[in-house]
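Presented below are the structures under discussion, each in the form of structure tokens.
Look at the two complexes coming up: chain A is in both, with chain B in one and chain C in the other.
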Partner chain A sequence: MTDQAGGSTSTNFLPDSLKGHEAKVAYVAIITLGVLLSFVWSGATRWPQEWVLPLEGWITDGINWLKREAHIFGVQVKDITRAIGATLKLPIKWAEYLLFRGMKPLGLGPLPWVAVTAGVALLGHWIGGIRLAMLCLLSFLYLSFFHLWKDSMQTMAVVLVAVPLAALIGLGLGIWVTRSKRAAKIISPIFDLMQATPHMAYLAPVAAFFAAGPVTALIATVVFAMPPMARCTILGLQTVPSDILESGKMSGCTQRQLLWKVALPSAKRTLMLGLNQVVMQTLAMVVIASIAGQPGLGHKLLYSLQQLRIGLAIEQGIAITLLAIVLDRLTQGFAYREVDHFAATKSFLQRNWHWIAFIAILIVSYVAAEYFREVKILARKQTFSFAREMNDGIREFNKIAYPFLNPFKEWMTTYVLLNIRDFFLWLPWPVFVGTVALAAWRLGKAPVLWLCLALMASFIVTGFWVETMQTTYLVLISGIFCVLIGVPIGIWCSRSERVANITMSVCDTLQTFPSFIYLIPAIMLFNVSIFSNVIAIIPYATVPAIRYTYLGLKGISPVTIEAAKMNGATPSQSLWKVELPIAVPEIMLGINQTIMMALAMTAITALIGSTDLGQEVVRAISTQNYGRGILCGFFIAALGIIADRLIQAWASERKKQLGFNE
Partner chain B sequence: MSDIKISCRNMWKVFGANPHAFMNRHNGAPTDEDFKAEGYIGAVRDVSFDVHEGEILMIMGLSGSGKSTVIRCLTRLNDPTSGTMTYEGRDLLAANEEELIDLRRHNMGMVFQNFGLLPHRNVLENVAFPLEMQGMENSKRIARAKEMVDLVGLGGRETYFPGELSGGQQQRVGIARSLAVEPDIWFLDEPFSALDPLIRAEMQDEFIRLQKLLNKTIVFITHDFEEATKLADRIGIMKDGKMVQMDTAEQLVLNPADDYVAKFAKNAPHERIISVGAVMKPAKGKLATSTVPKSAKIGDVAAQVLDSDLPCAVVDDAGKKVGMISRKMISEVLFGERA
Partner chain C sequence: MTITKLMATSAIVGASMLTASFAYAEAPESDDPIIIVQNNWTSQLVLSHVVGKVLEAKGYTVEFAPSDSQLQFASIASGDMHFQVEAWEGSMKSAFEKAVADDGMVDAGSHSAVTREEWWIPDYVLETCPGAEEWEGLNKCADQFATAETAPKGRFVGPPADWGKNYADRVNALEMNFQAINVGQAATLWAELQSAYDQKKPIVLFNWTPNFIESKFKGRFVNFPEPEPACFEDASWGPNPNATGDCGATHGGWLKKAAWKGLADKYPVAWGVMQKIDFSNAQIAAAALLVDVDGMEAEEAADKWIADNADVVASWSN
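After this line comes the complex of A and B, so read on.
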């Protein structure tokens, strides 16, 4: 096995034309030429102004034309988007009526918080017993008693509409892909690209056509949250054991019965996993959509952060986190819910007490709300806030910690971050393009090469080279930190079961937090600075590096490790010469994920003052500069796609060499 | 012989990019070299046989021999590339989707190697599934399913889910489900291969018990020659997609068509396959007073013959003396030429 891992690298890894040292020479040549070119032609560092393709203006004009004048079959585009907006507004309006506005058409108030809290707790009990019920209960009590109820319900209203929409569309597309080869050919690559596209990129184009607010948030959220459902549907349907499908056919199923009664129920676990991801993505996106005018918790948090009201931000952040954890546990618990064997032997009351209790509480609380306002919603004076105390505490802490934290921050900023930034801003684009193209070419995949070239050209010729490099350097630095932290932790996990258990549960928890939350501690400790951007990215993006390293090492067949031992390898020799080389493709996929997440988070750090593509998107949305917003969103996605394609191509090539089936 | 239930002639199943064009190119009979040269796989090659009413036909072969593909062609889970197939005289390949579904709902039952149970339905609902597809009303199909569950000895576990049952129990559910529609023909695709040896033996006995009760026409796939000899009326041996020989176990042992069949037959328990009639000699000299029936297996009469000092007379069903069998003949079957 060791032989296999080491030996095959030197053979058919590269296309015949370019092997080991030749490739090195080629890289050096490209870099030298690029640098030399930049000395004689200033256009190599910054694309000449007169050559800039005015795509930004064209897009803005195009959208303005579409919105004002364009017709499709005699119907104004404006009217179409307005109709879509109105249609989508309807379910949101009802969710809002129900959760916090009050159902004026029915003459009823909104659901009293007492009823909602009890309902969620009962749901928790039905799904996961008393522990989950307590989690739900305490979380919702928190929302109410910290005066975050209305904001939370505002956020939940969009979640409530977006989740079923995204889940159904994802399910439908997933089914379609498994049934039609042509659909698979068209849709699968789109999903691949969407996977590598961060939240921010979706907001600008939607915001261009729809008014700021819940409808924009809903559309962007559905589009963003749908692919995991589709992917899980495809995966679930494709992995239904053939015996089960054949037994369904032999039972005389029609095609439709086979799908709905056999295949989909058999894939339930995977489908529920998809639903769980949809819910988590939805919450994350709804919160971020606050930059496109979605009110609610995200909006309040954004405001608090920008005002540096850290105490308040922490309370709001906790609310978002609690919502995320509750939704996560509920959907996961539902997937693994034990089935009651003895349901049939129980009375109607025993079987349905959750429902009965909820309806009873609902009616009682509605009636009570007429007389006692606090049943409907708690007034501010009835709620708590420790924001001021927390602010004081943080100020004290920072006072004490400043002598330690600040030099560290200053040192990192001056000697590491700024140097790397300056390097990237100096970097002539031919060097960047040449290096990436050579890497793609060495992988021997022509489509990857062309895709990378086209994407790189897009941000160079439109004059966004500098902004793109601002993002690239932040992603790169954070990515390097994540890998330096994550890979060793992953290795440590693979050595110790106990460490692994603790780390994996920490990772699980970190992954439930919507990305927005990570801004809070960064701001708290390091204020608005480049360094705090990096600090916000690291905990978010390190998780996959840890996880994939651990899984990659864990997945190595024990026989291989035993063989290494019997060949006399010390534990460290076994790790470096046997295990890591075999696990490298898996680890690279983790690093790929890390880069994707770092990219998504970098864009979000725009909200705490990073100056990069994300910042451009945020600004463009608020100034209605559609072209700029759409382009910058697209460039963020382009960076993600370039990194993703290169790493995936490399990893799959390497896996093939190592003889792993994918 | 009795009525023919299923008959297939010159059946081919070819896997590859364009199997029909490939078959046409080679006039419907490609050779080993053709397959290799064009990268096609001949899972089933020119197979012809009949399944008779009420018999247990076992198809045996190692993995990759094409036996599973044959049963999938007979059930049209896979459509054969060429050849003809009839079910009770009807052209099975001409049946459209609707007719096929109808056939599967009423006439065919199938048991799968990995059980193929629906994980989201309990035992009773799994067994009732084909009846539900038929459109049988709820109370009726539950009653019928309950009957089937009792038949396979799982009474009391109706509300268990497949994941909570052992392998043997899961396969009992699979058997109950396949029998729920009272099929005319029963397909079993390596039903006991995924089970532990002890459970496997138990399930084979269970199978024999059920077949005595139900007397179905059965096509049974196995890779285990011993299992085949224990359960089969006739055995077809497949190799590389071809049907090498199809005959009774006794004939396979006594007259193997080639070395491949002989190799299988060599390790089979001869005393349970070979009957007295196959090794007896014409009666001559002094015989013992006790007689043995001609149709008895050697294993069943061995003790009696070995105990007797003189050879025993062999009699047919009518009691007429037709030959004799000696200790030497018995020991030759038991230990003789094989050793």
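After this line comes the complex of A and C, so read on.
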């Protein structure tokens, strides 16, 4: 591999850093050589078939061997994984008994909806007063009166187990990483893998080891929802001001006390962002989980879409979003709840009326449910639906909007998207590898260089170069749009509290409202096309760009801004010269997340119809070609890791230039 | 000779075992639930509820587990799910055969119902392209179906890539002026159809029968040369003397039932019922119609269907 040789020798004979014009010369040289090479050697555009490493087959065989024959200390591996699965299933089972199965041996039905709704509303009141209570009450009434109760409870059963599990594991791993340099080295890339590998890639093998059903859904959910918690824990603990830790030490805290009583509480803001992400991601996984055998809203939603009942799917999607918002507000509210300083002066009844009321309602509703079925669950005739009207509305909108939007799509496709795609497909791999390697070396020296080279080599020698480029260009285009839209909105939010409140609710909705639903109207308007794929990625992947920009700007201490003002900075100077540079680490974390989300979404766009790695992942499921699925999933993640390392390296370089010390 | 002998012996042994199990085994043989797979289209949902109710009437505990139509076979093969009432030749053949070959899933027999999948056009297409019912006629107005991405070729909206169909090959073999675009999932096909239908835009897409499209959209299949084995072996067969595969899809694709291999031992009575279960095209259409047109829920529809077809159901469980 000529370019790799070129890249690595350059470390020897070139000076420690290249000056601007030298770098330009190097880039031009790499590109010219690569293009010339592609004229004389066709292998530079498409890796020769006979050189392809049959890694795909090895992985498939390996997994089949693990599944059928592998033993550890005489116990079959599959039996071990099944036992773990059975353990994980216990808490889910209990949640299921409570929420929708009922306890047959005791002769008790599931919790009546009246009791659950009242309970959640009371909890809301206890945590956040009347406003939160109303939110909880209305949301759960919606579930009941739109005939979504049973499906919602089936979904809740897994969510109630997944959220705490993901949060605890994430917190634990996060703390571990901040304690141990070695852990950081191993775990951080694993997080990238977990988040960026599309779920479809590992659903099939996980299902093989843990049995399809709620447990597989739980594992897939936790894998996806846990990394943000861990990342936020790391970020939170690393950014605890040293004087706080110092004062903790001075007052004689032990290591443990320092962590639990000082560091974690002062990192609470970031930790709670992590928890928010766990809740959102968990609910975002509901639909994917149904592919792995989880009954509930996700399954019903896919069915509705399959029958082209978009209105019904929207009602089910709203239910998922409402569950997410209620859970999020309850947990966030609980964390920031004010301590009741007058508790001691109140009577027992005043202090505990929430509990007493709940138990009373519970008993009454159980008894009433024996006589009135409506108390247990509403029959369909007693519920509403505006599905038909929404369906007609969407069709009408489509009829009116199509003549206007379609020319725009055709224009974008012909002049922008197709050109960029053709460029990436034409690109000989030595050019791509060479330029990325040079950039990696300039920004991050040897470690980044070697990592990037290894990852790029992986998709070239296994023969997936073309598919990888399809994904690269799709993510690149979408990512640029996301950043262009997301960062300005984030800045706007940081200027106005009101805008921020509205935007954050919209973000929650975008993240949890299943993307499958707006895929269908998007297809109606834009057909199966590249444009639809880009449109499908943008809403979901823009969210982190907005959120982290806002958080980064919000987190700047008022003293700094005040100092800028005192020095005579105009608001725009303050933003560009002071606030944005300080917020760069967090904005970069956001862009990093945007790229990860866009990559994760390529598996969803495969459901529209595409020809990239995401499509390969989906296709591998039908043939049980575990190797192909995992490899293509890994390549998607590899792209994310390359982008991440380059961005991180650039960011730290930039910070050095600005005079921040890490 | 030995083979026929072996087959005869095993048939006799098998039959005697079957009768033995019927004579001695008492349903339910186990309280463990029988897990029936549910997919996300109407007929499958109603039919799986029908099967569930028949087994429940025998005293079994039945549970339903949703699954992806491709992922499900691996789950059946490993015994995590037990029975699938609708396995389609068109979309699931490769995954089905893989799971049977890997040993773990068994073919529980075919339904009387046959399936067909083919290129399909809405009727209004015939106004602008009068010969479109036949593939040659359709090919003559290929340009009506072109878009920015496929021009100057016509655009054929094909099935999901993982359904194991290769329409690009057929287009080449018949030298048609079309490009096949694969969608990601069936819902995408319907979204394309709905959008085109509302605007009376020309569209040709992949469709199959029986499904709910017949009750909502007016249209027809495009006729291709009827397939024969020779079509795929002998290049000189068919319209193109230089290519194999220059024909359409069969009009009588199979619709099978799939079951976990261990089922026969664990629940012999249920296994006997499952083998006898048999739906015809008309029965499937009637079951789907109860949901798609009458607006019932799958479970209600199953009750209604069982009531309407009591004799059929009785013949399975005896």
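Observations
Definition applied: the second predicted complex is superposed on the first by the 442 of 662 C-alpha atoms of A that agree within 3 Å, B and C clash if a C-alpha of one lies under 4 Å from a C-alpha of the other, contacts with A are read in each partner's own complex, and residues count from 1 in each chain.
In this section, contacts are C-beta pairs under 8 Å (C-beta built on N, C-alpha and C of every residue); 3 or more make two chains touch, one makes a residue touch a chain.
Values in this document were obtained by computation on a predicted structure and should not be read as measured data.
In the overlay built on the shared chain, the residue A:Gln257 is in contact with chain B alone; chain C does not reach it.
Judged by the touch definition given at the top, the superposed model places A:Thr435 against neither chain B nor chain C. By the touch criterion defined above, A:Arg380 reaches chain C but does not reach chain B.
In the superposition on chain A, A:Val528 contacts chain C only, with no contact to chain B. Annotation for chain A, partner touching more residues between chain B and chain C: C. When the shared chain is aligned, no partner comes close enough to touch A:Ser188: not chain B, not chain C. In the superposition on chain A, no contact is made by A:Ser652 with either chain B or chain C. In the overlay built on the shared chain, the residue A:Ile244 is in contact with chain B alone; chain C does not reach it. Interface residues of chain C, counted against chain A in their complex, comprise 38, 40-42, 45, 64-68, 70-75, 78, 80-81, 92, 94-95, 98-99, 102, 147-149, 157, 160-164, 181-188, 190-192, 194-195, 198-199, 212, 216, 292, 297.
Remark: chain A residues 241, 243-254, 257, 261-262, 265-266, 268, 339, 341-342, 344 touch chain B in the complex.
Residue ranges on chain A touching chain C, taken from their complex, read 203-204, 207-208, 211-213, 290-295, 299, 302-303, 305-308, 380, 395, 398-399, 402, 410, 413-414, 418, 519-521, 523-525, 527-530, 605-611, 615, 618-619, 621-624. Contact residues of chain B toward chain A in the complex are 72, 75, 77, 97, 101-102, 104-106, 108-110, 112-122, 129-130, 133-134, 159-161, 174, 177-178, 181, 187.
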